[in-house]
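We just call them A, B, C and D in the order they show up, numbering each chain from 1.
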Amino acid sequence: MAHHDSDNHSEHPQEHHIVGLPIYLGVFAVLVVGTILTYFVATIDLDGILFPGANTLIALLIAFTKMICVVLFFMHVYWSSRLIWMTAIAGFFWLAILFAFTMQDYLTRGAGVFPR
Amino acid sequence: MATHAPTHAHEYHPPGLQHQFEDMRQQQESASIGMWMFLVQEIMFFGGLFTVYLVFRSRYPMAFAAGSNHLDAFYGGLNTLVLIVSSLTMALAVRAAQMGQRNLQVFLLILTMFFGTVFLGVKAIEYVAKYHEGIVPVAGLNLKTSKELTDSDEHSGTASVPVGRQDPNESLSTAKGEEPGGHKKYVNLRGDFIWNDVSLVVQAQQGNYLTDAEKIGYFANGEISPAKFRDKVQIFFWIYFVMTGLHALHMIIGLGIMTWLTWKAWRGTFSADYYAPVEITGLYWHFVDIVWIFLFPLLYLLGRHFLHGSGH
Amino acid sequence: MQNVEAINLRNIKQEPKTNYLTNGFTLKSWLLTKDHKRIAILYLITVSAFFALGGVYASFIRLELLTPNSDLLQSATYNRVFTQHGIIMVFFFLIPAIPAILGDFLIPLMIGAKDLAFPKINLLSWYFYMAGGGLTLYALLQGGVDTGWTFYTPYSTTFSNSYVMAVGLGIFINGFSSILTGLNFIVTIHTMRAPGMTWFRLPLFVWAHYATSLVMILGTPVIAITILLLALERIAKVGIFDPAIGGDPILFQHLFWFYSHPAVYIMILPGMGVISELISNFSRKKIFGYEFIAFSSIAIAVFGFLVWGHHMFVSGQSLYAGLVFSFLTMVVAVPSAIKIFNWTATLYKGSISYDTPMLYALFFIGLFLIGGLTGLFLGSIGLTVHLTDTYFIVAHFHYVMVGGQVLAYLGGLHYWWSKITGKMYSEFWSKIAAIIIFVGFNLTFFPQFILGYMGMPRRYAAYPPELQVLNIFSTAGASILAIGLIIPLIYFTYSIFFGEKAPANPWLLPGLEWRTASPPPTENFEETPIVTWEAYDFTEDSGLDLEDARNKYKVTV
Amino acid sequence: MQTNSWIPLFPEQASTFAWQVDALYFYLILISVGFTVPIVGVILYFFVRYREKEKFATGEEIHGSIALETIWSVIPFVISMTIFLGGAVVYYNQYRPPAEAMEIYVVGKQWMWKLQHSTGQREINELHIPVGRNIKLTMTTEDVLHNFYIPAFRTKADVVPGRYTTIWFNATKPGKYHLYCAEYCGLNHSGMGGWIYVMEQRDFDNWLSGNVSGQTPVQAGQDLFQNKLGCASCHEGGASQRGAKLEGIYNHEVKLASGQTVIADDEYIRNSILNPSSQIVEGYQPIMPTYKGQVTEEQLISLVAYIKSLSGGTGGSKTTTTTTGAMNSGGNTTGTSGANSNNTLVAPRADRGAANNQGSNPNAPETRSEPTNTQER
């Protein structure tokens, strides 16, 4: 009996969900392509062509895409309960808090924020 | 829940079910939530380092670019691919476990471990190379030839030891030893970090691309100060070593767990009903992969375009 | 009240053949136990020892501050004494106190589980705690640390000639104890609840621990990595925190407080959980605004992560960041306010009994109120510029930590003592001790608010002579407080050997933990309970035979 | 005035924004009392009123009330916003220096404050400033974090290595006020304090023009040692000092790098100043510059006298100012300047054995003990 979340019950789909090979191979392909892409993009001076910071932005976008593929499919979050979704999101959300509130200090240091 | 009728303690106990749980499903669920909580913990653990990276990269982008360019992006990229393959084999191993295919599962686990080991091997090659260049700032270890030493001494002699740490009694930074072939071998006793390439700063200065922090950080009396620049590059490399080092440590731990897992799998412990250990190890391994997915561009690639492009 | 023993709840087996205490007597059966209740006892013993040690350090602090000169202790010693006082009290006493002792013991009981989800990991937590604590003690014996419990760089990295590394490593290891405990709680609360025990039937103690565990999991790893960087900086001169080569000492403060501010909520939320239990159960009525108290715990845990910069108002962080953090600090105070008001409202039309735990609950509210409100002084950025790093802060945090969490811990320990040990403590002596503690506490720390506003900086071995009078008050109070804390040690120990045997449910309360024997059997319940009532349900629905109890009570008294 | 009452309750107000901080403080006290008294009152009332009539009687079943919850969430929130805004306004005043301000530079160092006026005067652990002028301090440190704190002015700020931080104030009342280091900085943190002397403009001008008459040789020597010649930069500062320890050397044996031992008499000290490289103390690098030609004989005498005093020899550095004298001078300007005129320019260093004089030493620190050199690594 003792049992778990009655309120959460309907969703334990991950339990016997067996992911098909094509999905795994598809994700794999995305990861490989992403890696190669990110390498070549890094050697092009996008900062000069587009806008300053473009290289960083694109590199991070690719990394994010790769990460999301891994999290959703390799780590089965896509088929998992709401709790797992929330856990994964919370992890990155808290990381964002750490980044944002630390940078909030660094980026506003020095003069200029308050008029003298 | 119908499946959860009140039960008493001493009834049928499936193998692998621990006493505190009522049934396999509860155990499985606990294991996977537990692993996810652990991963959140890991995210924050690496998160502290990423914060450090973020702060310093936004401050000293040129020093970081110089550092990045010095890393071997081929090895980095290769390793990324290796790790991705191992992630795939791990995912397939979990799948094999779910389907109760014992032999396939063992094979895939071994394959995963193989790729994990390749990754660590490549990492070791990189570390050794850095170490011979005097970029691993650990006292008494880096071996350098006299030629290299005189080159680097100009910029990283005693004068550049940070203020407040000078010890008048400390012996000189180097000690000699004869080396066949006429070259003298030196030991970098104090573990000075050796770096003398300021070309990027020069380039950036011409293009006026330096941040405020850099304008103060790399210059002394209006001149580019190689020693001061070197300090910032050293920060980059420390971040590099700490991040990749901790990442490698996680991989080693993962390999250890997988060895145990493979043995268990070989013994046929896992079945379509009970494969939680394989699953959560998989989660762990994928997480380690994700960390690398970020480390690769952040450490190896960003700033690379400074060399290839017009300088902006 | 032992008179009601006979008429207990229908479902309780009175005398299990063995309970968790009698299930094995060898040392091994304790040191390798996986029973959450035994692990809680291990924590109880070790955490108390650390508390005593921290208290000894506190006594030295107060004795030294009796006179303005640094005569009893030279500053070299004094600096070590307050640092070690802070480190031991925070990391080895207060953070594990309620979660690891009461939480470990009670959470499975309260939700009707046989154990925590991961008993081995639970034991591992204790070993991490012991390893971290042992390493720290070793460092203290070797000569100690003198950096302040905050380890600010660059003093801690470059200038301090003390055992920063060893203690840092101790805290690092201990951190994993905290993380694993939090992880265990979260999983247990999610998956191990008895049938019918829905989220909104959980006792608020469990909610509070859920919130605490979130903070443990999300915050502790950051301090771990920060301490690792600090150690590297000391070994290898990494430079990240070293201004001499372009590092930034303030970055350390960001990382440190990212954990340590939320950590102060690790140090209060469990206490709030205990108080919710006490207030409701000793008023013998449903708690007022259950959902609000439950969610305010979560809100505190979440918003608590957004305010860490209020420890850095004068540190050189940007003025803009200071304002943002000040604003958010105000916001985080509101959920605490909600709790206070709901507790007060719970008393309305209750049937309040004056047992010792309730006395502690009462003191908690008063003292936490003062501590929390002075937190607002500190959160108000213009005022903190004057107050920060003075005794005002020392007073503030002792009010919340000692007046808040420690009193809640004592209250909880009294409340569940009969369940844990199966023995009753002396009602008379416990009341006396509670009152002495209350008086001594206020005399110790209230004068420090005034000292702080006068401008007496903290961490001072010597201070201007005109401030001596208030310091004498404070030291006098600390002596009273120490006496008050030693009394429970005596009567608790006494009760274990000579105390009256406790019934399963001495106060006739509806919580699940009262529906098993005292002390509980190894797997907690003879039969897995099925929950059909809400928390703090004193009506017949909860299966309590109150009518009968009342009658019996009348007859026999 | 705090010194007059038996129990000090309130610090002096001596800057233009001190009253603002105090007003905020009173506002918060009001709020605190406003919440504490009713809450505690209600709790006590309930306690008595609803004390259990019968053992195990149950209370009334009340679930809660959304209306009440809303009220007691919104009201504290609104009040807290007033606290925030009040704090923000005061803070804005505290950290935004006015355009017109007299600049003073501050360098913190374990464990002393080195201050320099824009006119060149240097001071150690003391700051003389005129009343009614905007004063801006630009601060940094040579080693660890410190914090420049003047309670009477209600302002402080951390002093951060590698950066400049600033505070400003406008003193409103002549007098003598505590200066503290409020950020923990190691061994002698509690001794790292001093005094702020707020003077009428006239007295300040006097002081600026170098009113150093009436100094004893020891005092003059100390001034030279700590300010004018900068000896202190190597010879003070505990663990990080680069020069030899001078306390207690007089008439004691000194071991030289050559292996010889000599007695540190007047001649030796003099020679050490003029020809440092001729006698190198064991364990030190020969980095001390020669002062030949830079010091007059008179100054040499003072220096030697001062170094002797460090060994408790002459004990001549007892200064004249007493705490009560200066403190009671409050609004009395002539009293203040009177007290200062025969005061030394620089108070004796508190942590030098013989000079340990509580009157001039705010935090009454102990004699400094050398930190042990055992590094844990």
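As a working rule, contacts are C-beta pairs under 8 Å (C-beta built on N, C-alpha and C of every residue); 3 or more make two chains touch, one makes a residue touch a chain.
Bear in mind the structure is a predicted one, so any value in this text is a computation, not a measurement.
**Student:** With contacts counted as defined, which of the two, B-C or C-D, has more C-beta pairs across the interface?
**Tutor:** Most C-beta pairs in contact, of the two: C-D.
**Student:** Going by CA means, which chain is nearest the middle of everything shown?
**Tutor:** Answer for the innermost chain: C.
**Student:** Calculate how many whole Å lie between the centre of chain A and the centre of chain D, each centre taken as the average of the chain's C-alpha atoms.
**Tutor:** 50
**Student:** What's the distance between the Cα centroids of chain B and chain D, rounded to whole Å?
**Tutor:** Taking the average C-alpha coordinate of chain B and of chain D, the gap between them is 45 Å.
**Student:** Based only on mean CA positions, could you tell me how far chain C sits from chain D in angstrom?
**Tutor:** Computed from C-alpha means, the inter-chain centre distance equals 36 Å.
**Student:** Enumerate the residues of chain D that touch no fewer than two other chains.
**Tutor:** If we look for residues of chain D contacting two or more partner chains, we find 92, 95, 143, 240.
**Student:** At least two partner chains per residue is the criterion; list those residues in chain A.
**Tutor:** Residues 1-4, 6, 83, 90, 94, 98, 102, 106-107, 110, 114 of chain A each touch two or more of the other chains.
**Student:** What are the residue numbers in chain C that touch two or more other chains?
**Tutor:** Residues 113-114, 158-159, 190-192, 195, 218, 222, 244, 246, 250-251, 254-255, 258, 319, 528, 530 of chain C each touch two or more of the other chains.
**Student:** How about chain D: which of its residues touch chain C in the complex?
**Tutor:** Per the touch definition, chain D meets chain C at residues 2-3, 6-11, 20-21, 24-25, 28, 31-32, 35-36, 39-40, 42-43, 46-47, 50-65, 68-69, 72-73, 76-77, 80-81, 83-84, 86-95, 110, 143-145, 147, 149, 151-152, 154-158, 160-163, 165, 178, 180-191, 239-240, 323, 358, 362-366, 369, 371-377.
**Student:** Using the touch definition from the top, list the residues of chain B that touch chain A in their complex.
**Tutor:** 1, 4-7, 22, 25-26, 28-29, 32-33, 36-37, 39-40, 43-44, 47-48, 50-51, 54-55, 58-59, 73, 77, 80-81, 84-85, 87-88, 90-92, 95, 98-99, 212, 272, 282-283, 286-287, 289-290, 293-294, 296-298, 301-302, 304-306, 308-312
**Student:** Which bits of chain A are touching chain C when the two form their complex?
**Tutor:** By the definition above, chain A touches chain C via 1-8, 83, 90, 94, 97-98, 101-102, 104-110, 113-114.
**Student:** Would you tell me which residues of chain A are touching chain B in their complex?
**Tutor:** 1-4, 6, 9, 12, 14-16, 18-19, 21, 24-25, 27-28, 31-32, 35-36, 38-39, 42-48, 52, 55-56, 59-60, 62-63, 66-67, 70-71, 73-75, 80, 83-84, 87-88, 90-92, 94-95, 98-99, 102-103, 106-107, 110
**Student:** Write out the stretch or stretches of chain B touching chain C in their complex.
**Tutor:** 1, 4, 6-9, 18-22, 26, 29-30, 33-34, 37-38, 40-49, 51-52, 55-56, 59-60, 137-138, 162-165, 191, 217, 228, 231-232, 234-235, 238-239, 242
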